[in-house]
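Structures given as structure tokens follow.
Both complexes shown next keep chain A, but they swap its partner, so chain B is in the first and chain C is in the second.
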Partner chain A sequence: MNNSFSIKIDGTGEEFSVANDTLLGAALRQGLGFPYECNSGGCGSCMFEVVSGDVKELWPDAPGLSARARERGRRLACQCEPASDCVIKVRLKSDYVPLHRPARVTATLVEARKLTHDLTEFCFQTPEPADFLPGQFALLHLPSVEGARAYSMSNLPADGGTWNFIIRHVPKGRGTAVLFTQLKTGDQIKIDGPYGLAYLRPESPRDIVCIGGGSGLSPMVSIVRAAVRDPRLIDRKITFFYGARTPNDLCTEELLARDPLMAERATVIPAISTPTEGWQGEQGFIHEVMQKKLAAGFENYEFYCCGPPPMTDAIQRLLLLDKRVPAQQLHFDRFY
Partner chain B sequence: MNTRVKICKLGDISPGEMRAVDMAGLKPIALFNLDGTHYATSNICTHNIAMLTDGYFEGEVVECPLHGGSFDIKTGEPLSFPCEIALQTYPVIVEGDDVYIEAEVGV
Partner chain C sequence: MMAFAKVCELDDLWEGEMESCQVNGQEVLLIGLDGGEIRVYQGVCPHQDILLVEGQFDGKHLICRAHQWVFDAQTGAGINPDDCRLAEYPVRIDDGAVLVDTEGVTPLFAHV
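Entry: the complex of A and B
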């Protein structure tokens, strides 16, 4: 059976082949700068237009595609597999050319470390090196779970074939149910990655601010741990704001104890959003705490953030609209 | 107070194209070339934060990449659900080869 199809990009001369893959996955694996963000059907960044040919949609109700866009023949590249050779319209962008081309690998669970009542760090091992940039994410294909789940790595790429993910147990979440209750040490899953543009930019001349909320902790830990080790960033101030609901949801002490260099080089400011008796630290939404602590000169920082959409929206409003920080200095991936 | 800010050269953006203006001290702005005439609006969708220049520009309409809302680039008026609030627009001035906008600069 011939499962390989050719995709031509209208008006560009670009062409790529897709075999048992999404259009987006195949394009990135072949080094094309296909625009995307969440790779999970939620954001709409990978929208393209079908000029000719047929595609099969993996998730026809994906929230990232409006009815109007659908009527106009547009689809999401992360949720489409070709059913024939196709001609499509999309504007490739050089920013999206992957520095490490994503690959599909088999990974073995080697450890699950509980961090809080609902956060656990899952550690997987692959025979291949884990080539990713701090802050990037991967798609996890879990046994008996339909569709992939996107999670950001929490470790450093130099760790050989190690892929760690700090994941929050979502009540009723089918993906996390498998991770938290069924998967055992030695079990295998498929990892597809790396993806994402919200990675550490060590060449930036600015001080670094990381903002994490909830399970947005994972990529921020990777970025902070990489930043404190990068010789190019030796003179930079590194500040990490982490927001949680209550003191029980925080695990920053433990993370710092595990990485003395991070404790020494980075300023870590945890904050809780629910007033709690006996709490001596910062209280409020994490973007408010950041605004209070930084006070001024917002345009002098490189910002990295990850968290629930209300948090990333509030941070964008604050930084882009109120503080007029150039969008290029704000790095995040949008997840829904 | 509004200041005149040089954005690009005439011809940097082809007809039918748009570009994000990303400068410290300016709110995010989208610059459009509609059949040779330049228009500038806020680049942030008024429904939910998203960059309009990551979306689609067709005819006189820019469509947000996130939820498919759209705006008239000449007036900033919202044209389709879920957008209800108009985009801020900015005057564009062409002098010689240079394209300027008038906008408030600074925090």
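Entry: the complex of A and C
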């Protein structure tokens, strides 16, 4: 049986093949600039139209596709596999051409380091080098879990074939149940990556502000650790705001202790949102704390952020609508 | 040669409201400006083809739901980012109906 299908992009000479893969995955693996963001059905950035041919939808109710967009014949490339050769309509863009083409690799769990009561850093090893950009994510295919889970890497790509992920234990989450309670050192999973556009831009001339909340810590740690080591960024100020609910949810001290260079070069400002007796540090939502602590002139920074949707929404509104920070200076991947 | 096509009744589009529909294969966004004037722009954001009707309109600004790109609803000009704009379609009101001409107008896209 022929499992490989050809996909032509209408009105262009572009063509790619898909074999046991999503349209998006196959396009990126072949180096095409197919627009996307979450690769998880949530954001709607990878919408395309089927001109001819059939596709199979992996998740027909994916929230990234509104009823109206569906009625207009749009589909999500991250949730579609071809069922025949197809002609599709999509606008490829050069900024989505992957610098490191995503690949599917087998990874072995080598360590799970507990950071707080519900945050653990899982360390996987692959025989191949871990080629990714600081801030990017990967899809984890876990044993006996339907579908993939997207998690951002917390380490540096220079660490050989190491892929670390700081992950929050979600009560009742089937993916994290496997990670936190079943997976043992030596067990294998599949990693598909890297993906994502919210990576460090060392060529930017501006000071750097990273904002993380909850398990949005993971890619921010990678970005800060890479930024403090990049010779091009030697003169930049690097500020890292991290928001958690209570002091119990913070692990910034430990992360700084593990990376003295980060402690020396970056200003790390943890804040808690729930008033707690005995807490001497910043209190409030992290975007409010950032607004209070940053010197004026928000347009003079390059912003990176990752966290739960209410947090990233609040940051977007503050920076893009209120402070008129140019949109291209705010980097984040929408996972909803 | 005129190619105005009826897209909706004037009564269907109140001040501060927006509606999206397809005309001659193009997605168009109808905007009821504060004061009652009507504008018709391309229906998708110049950034990622997200339907603008899924965003917000407060009578003056249009905000895309995906990345909060902001457009001036009066002119279609990008406010943030300010180096893009929405293509505008000629609109005519005739006997209580809203008519749009899509001829020669194509949606604009940002290179970012």
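Keep in mind that, in the parts below, the second predicted complex is superposed on the first by the 335 of 336 C-alpha atoms of A that agree within 3 Å, B and C clash if a C-alpha of one lies under 4 Å from a C-alpha of the other, contacts with A are read in each partner's own complex, and residues count from 1 in each chain.
Keep in mind that, in the parts below, contacts are C-beta pairs under 8 Å (C-beta built on N, C-alpha and C of every residue); 3 or more make two chains touch, one makes a residue touch a chain.
None of the values given here were measured: they were computed from a predicted structure.
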Query raised in the report: Is the arrangement of chain B and chain C around the shared chain A a clash or a fit after superposition?
Result: clash
Requested in this report: Classify the contacts of A:299 with the two partner chains as first (chain B alone), second (chain C alone), both, or neither.
Outcome: first
**Report entry** Touching partner for A:69 - first (chain B), second (chain C), both, neither
**Finding:** both
Requested in this report: Identify the partner contact of A:317: answer first if only chain B is touched, second if only chain C is, both if each is, neither if none is.
Outcome: both
Report task. Check the residue A:35 against both partner chains and state whether it touches chain B (first), chain C (second), both, or neither. Result -> both
Requested in this report: Answer with first, second, both or neither: which of chain B and chain C does A:95 touch in the superposed model?
Outcome: second
Report task. Could you look at A:55 and tell me whether it touches chain B, chain C, both or neither (first, second, both, neither)? Result -> neither
Query raised in the report: Who does A:43 touch here: chain B (first), chain C (second), both, or neither?
Result: both
Query raised in the report: Can A:211 be said to touch chain B (first), chain C (second), both, or neither?
Result: neither
Query - Which superposed partner A:327 touches (first chain B, second chain C, both, neither) - result: both
Report task. Take the contacts of chain A with chain B and those with chain C, and give the residues found in both. Result -> 35, 43-45, 47, 66, 68-69, 316-317, 320-321, 324-328
Query - Touching residues (chain side chain C, partner chain A) in the complex - result: 20, 22, 27, 48-51, 53-54, 63, 66-70, 79-81, 109, 111-112
Query raised in the report: Which of the residues in chain B end up touching chain A in this complex?
Result: 20, 22-28, 44, 48-49, 51, 54, 56, 63, 65-68, 70, 80, 106-107
Requested in this report: Give every residue of chain A touching chain B within the complex, in rising order.
Outcome: 35, 43-45, 47, 64-69, 298-299, 312-313, 316-317, 320-328
Report task. Mind listing the chain A positions that touch chain C in their complex? Result -> 35, 43-45, 47, 66, 68-69, 72, 91, 93, 95, 316-317, 320-321, 324-328, 334
